[in-house]
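Multiple structures are listed underneath, in structure tokens.
Here chain A shows up in two complexes: once beside chain B, once beside chain C.
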Partner chain A sequence: MNKTIVIVGGGPAGLEAAAALGSSPHHVLILEKEHNTGGKLKNWHHLFPNFADASEILKSLEKSLPLNNSEIKYDCDVFKMEQMDGNLLVSLKSGEKIKADAVLLATGFDLFDAYKKEEYGHGIYKNVITSSELEGMFVNNSFPDQLKDGLPKKIAMVHCVGSRDKKAGNMHCSKLCCITGVKQAIELRKYLSKSSVYNFYMDLRMYGQHFEELYQEAQEDYGVNFIRGRVSEIAEISDGKLQVKAEDTLSGRPMKMIFDLVVLLIGMTPATSAASIAQSLALPKSGSGFLAPVHQHISANETCIPGLFLAGTCREPLSLQESITDARAAALKIIEWLKLKDNH
Partner chain B sequence: MGRLYERLCEDLRCLEGLKSCMNCGVCTAICPSAEFYRYDPRKICDTVQRADDESIEQLLKSDTIWYCGECMSCKTRCPRGNTPGLLIMALRKLSQEMGYFTDSEKGRQQFAIRRVIGDSILTTGYCMRPILVNPANHPEQGPVWEWVYNNLPEVMDKVGANYLKDGPGALRRIAPEVLSEINQIFQVTGGQDFFQLIEEFSKDKADEMCLDAGELGGDNAYFSEVYTKNSGNHH
Partner chain C sequence: MEQEGKKRIWSEYQKEIADDHYFYVRSCIRQTFFPGSETTFLKILRDDLSRDVFEDARHTTCTGIGYHTDIVPFETIMTIAARHFALMTEAGYVNFVPSCVTSFGIYTEILDTWKHFPEMEAKARDYLWTATRREFKIPDNLSHTSDIIYRFRNELAELSGHRLVNKNDGKPLKVVEHIGCHYAKMFPKCGVGGAEFPAVLSGMVEAWGGEVIDYPERRHCCGFGFRQYLIKANRGYSLSNSKKKFESMQPYQPDFIVANCPGCAMFLDRWQYTIAEMEGITYDKSGKGIPVLTYEELAGLIMGYDPWVMGMQMHQISVEPLLDKIGIVYNKKDKYLGSKGQYIGVPQPPHFLLQ
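Now for the complex of A and B:
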């Protein structure tokens, strides 16, 4: 019997899950709260680790959506769910309710609000920007004039902003900001050829395929400098220049350096747009606040609510590739579950 | 794990001050003492969390733990919620209890602090009084201070203090019954014994250095030594 599968969120994970469910006989409905699909991917320029064009990748994700059995509804902000006779009743902010046999949460993540780390001066000093804002400058070619005067610039990349930080309420490692920092350092060296770039890090978490190689490339081919010390504070001095304080922990001395631009590598935090859904179903959360699966190792896409599944960064920080693989795994679990449901 | 580490762990300030350190260096980067001295609170945290008694003993005998200004700026920033400044308080206490403080130049200054501030609290009720800042020992205070110092009663009158007199007001004489209460507090809480301990260890050190430490005050060779000695190796 054909069933309705609701996917909450039309980011990379939601789109890929819909594509994977295309071969099933079920009706797939993507509910996306914004006017368009793509999630965070639509804000990125070139992707680590191979500088692939993000817009091309998004296009191919959107192209693989099956036309026969899937439908996308935009401006549909899901805020609540309830269990009803073995189904799930999905409530939108508009008041509309949709009955689903299975629901996949692909609600993604939020970017850490850098203003919360007041000592870094985001929103206070104009030359302190976030990694996400830097992507926007590359996409729109909207670099501030003072960076484009052809003179040598000094740029700092600050790792772990809003991650691995009890004070910011986030103990987890966001996993991708290290490689994003390496990628963006290379891009800045390419774009502003006379610039020098310094990455302030605690550990470089180069866990993925070609990540370590990119780090080496950054050092050898692009002369990016790596200083092992977490930044303690940033202050504006004169002409919009910024003084960055850190300890060079390898030499064991505190240091102050002056920069023209500081890029904060903001972390990934649990999506606030999933909070009310989780609350309505009393869905457990992991220590860092992401949605918790029923079993970390063997059922990472299943939840304790029958018929409710998770995919992508709503459950933990993941790269694009991992989000996509995760979405396929979730799709398989949904098909299995619907089969079981039919047999009962 | 050893004896010194275990003793440190009995101190609440150690437990509160150091939960786990990831060697990020934020405390050192914000620390005013690290900017001035050869001093690194991160390294102190790391040494202690290794729980190696030999390194802890070295730390307790070094100048290092005496550089901290206890300003607690480090508390505001540590991403792991540690307070190196609190840990250092615990290290100082243990160094005092073990007598290790007399092994370092900055540590030996505990004697001067005990004689000047310690005595002042017990005999007058004030930690610091203007009369204790003798221009001869404090050239950094300059000629204006010397003039103030030489005309204290008149200056104090001028600024409206009730200097050493009975009744209310700044720098008034502390009433005898209040003073005796302060002394009792130091007695009951172990403060007196602690002062005594610093006296004893310091006198041993003075003997070893063939210097006289006197019984009271700063008019002795050991006091001058610890008060004025500067090896110039601190930066």
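Now for the complex of A and C:
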């Protein structure tokens, strides 16, 4: 018997899960709260570690959606769920309710609101931007005029903004901002050839394939400077330039430098759009607030609620490749579970 | 600078400031540093704003300086704070208003400690009872005196005869506001506007027609820092912090500095003299230095109070150039007359700072 699988979130994880479920006989319904699919991926320009064009990747994810059994509904903000006779009842903000045999939460992550790090002045100093805003500038070629006047520019990249930071309420490492910082430093050096770029980091977490190589390349081929030290504060000086204070922990000296642009490498935080869903089902969360699977090692996609599964960054910070692999694993678990359900 | 971003921050740090019936506790050092400031505060509150302010002569130092120099242990300072709360309770007041930023920081720290560690509060109650047979209630409201003036800034603007505008060119005066570290850096929620972009003094300056300068070292400590200053060998450290601030604000050519902490106002004023004597440097164009005011003096000036009655002759940096810019009429002859009209003596002129 054909069943209904609801996927909440049409980001990379949701799209890939739907594609993987294409071979199943079930009806797959993606509920996406925005007007279009793609999640954060649609905001990125070129991806680490190989500078692949993000829009091409998104196109291929969208193309692999099976036409026979899947459907996408846009502007559908899921806010609540309840268990009902072995099924899940999915409630949308519009008031509509949908009965599902299985639900995959692929609600993704939120970007850390940089404004919370008040000492960095995001939203107050116009030349303090976030890594996400920098991606937007690359996508739309919308760099501020003062950066394009052909004169040498000094740019700072600040790592761990809103991650590994008790005061900001986030103890976890966002895992991807180090490599994003390296990638964006190279891109800035390419785009503004006379620029010099300084990355301020605590330690560099180059965990993935080709990440370490990219870090080497950034130093050797693009002359990116890496300073081990956390930035303590940023202040604007008269001409809109920015004074950055940090401690160089390798030389053991406090330092003060002037920059034209500061890019804050903001972390990944649990999606607020999943909070009410989790609450309605009393779904446990991990220490950092992401949705917790039933078992970290052996059941990373399953939850304590029968028929409810997790995929992608709703459960922890993941790269695109990891989110996609994770979504496939979740799809497999869903198919297995529906089979079991049929046999009962 | 995006003002909207600042307003967003300010909106999150709107503390409650009591409207009336204050139990006022003085600072132990302000009366020597800026002798008229506390009297000015009382006059403004009582005479201009018709508010009830109560003082108890039995109030003592909070011992904050001793605490921050590791001489006074936490248990002792906590018991002294408890005694001051007891005086407030006995007088029938619930709104506690310290005049010193160090004390304000001490009280916020103690109240926060008691909130998180009730056993510490029990200890303080026990010590106080054993030593004095006194009991106390926790204040309903703890506001620094600068919070109170901030609260009434618009009323004062309406009552005032002067604006912070240069009468020669009609432009707003450029003001450096300096907030004592212990006002909000330890507990941002306890300060108006938080710790990074505090609004307590900038709110006053703007309400009274001035323009606040956001210079790069705005948040930096004045350098007092207790240990830096009190241990003689460390004084160079204290001085270099102030110097860093002066150098950073100099390009903006401020007309004056206003501070809400006794140590800050004192050091930003006196260190200008020291730097001038040591290096022959002043940080304004005229060579007279940048006047440094307390917020009570500033409020008093716009309200038309006599600068010499407010004790402004005690400043190292002469305030006359500022008075002239605002258009305040003062009597030069009265500068060195005491409260009873007696001659109090003229200080020796410095070598570099012009008078």
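The working rule: the second predicted complex is superposed on the first by the 344 of 344 C-alpha atoms of A that agree within 3 Å, B and C clash if a C-alpha of one lies under 4 Å from a C-alpha of the other, contacts with A are read in each partner's own complex, and residues count from 1 in each chain.
Criterion: contacts are C-beta pairs under 8 Å (C-beta built on N, C-alpha and C of every residue); 3 or more make two chains touch, one makes a residue touch a chain.
Nothing here was measured: the structure is a model prediction, and the numbers come from that model.
Residue contacts after overlaying the shared chain place A:Lys126 against chain C, while chain B stays out of touching range.
Look at A:Glu217: by the touch rule set out above, it reaches neither chain B nor chain C. In the overlay built on the shared chain, the residue A:Glu34 is in contact with neither chain B nor chain C. Within the superposed three-chain model, A:Glu118 lies in touch with chain C and out of touch with chain B [touch as defined at top].
Of the two partner chains placed by the overlay, neither chain B nor chain C lies in contact with A:Asp77.
In the superposition on chain A, A:Met202 contacts chain B only, with no contact to chain C. In the superposed pair of complexes, A:Glu236 makes contact with chain C only, with no contact to chain B.
Measured by the number of chain A residues touched, the leading partner among chain B and chain C is B.
When both complexes are overlaid on chain A, the residue A:Glu247 reaches chain B alone and has no touch with chain C. Judged by the document's definition of touching, chain A residues 119, 233 lie at the interface with chain B and also at the interface with chain C.
Within the complex formed with chain C, the residues of chain A that make contact are 115, 118-119, 121-126, 233, 235-238, 243.
The part of chain A that touches chain B in the complex is made up of residues 119, 160, 164-168, 202, 228-233, 245-249, 252-255.
Touching chain A in their complex are the following residues of chain C: 1-2, 4-6, 8-9, 194-197, 214-219, 251-252.
Every residue of chain B that touches chain A in the complex is listed here, in rising order: 22-31, 34-35, 40, 42-43, 77-81.
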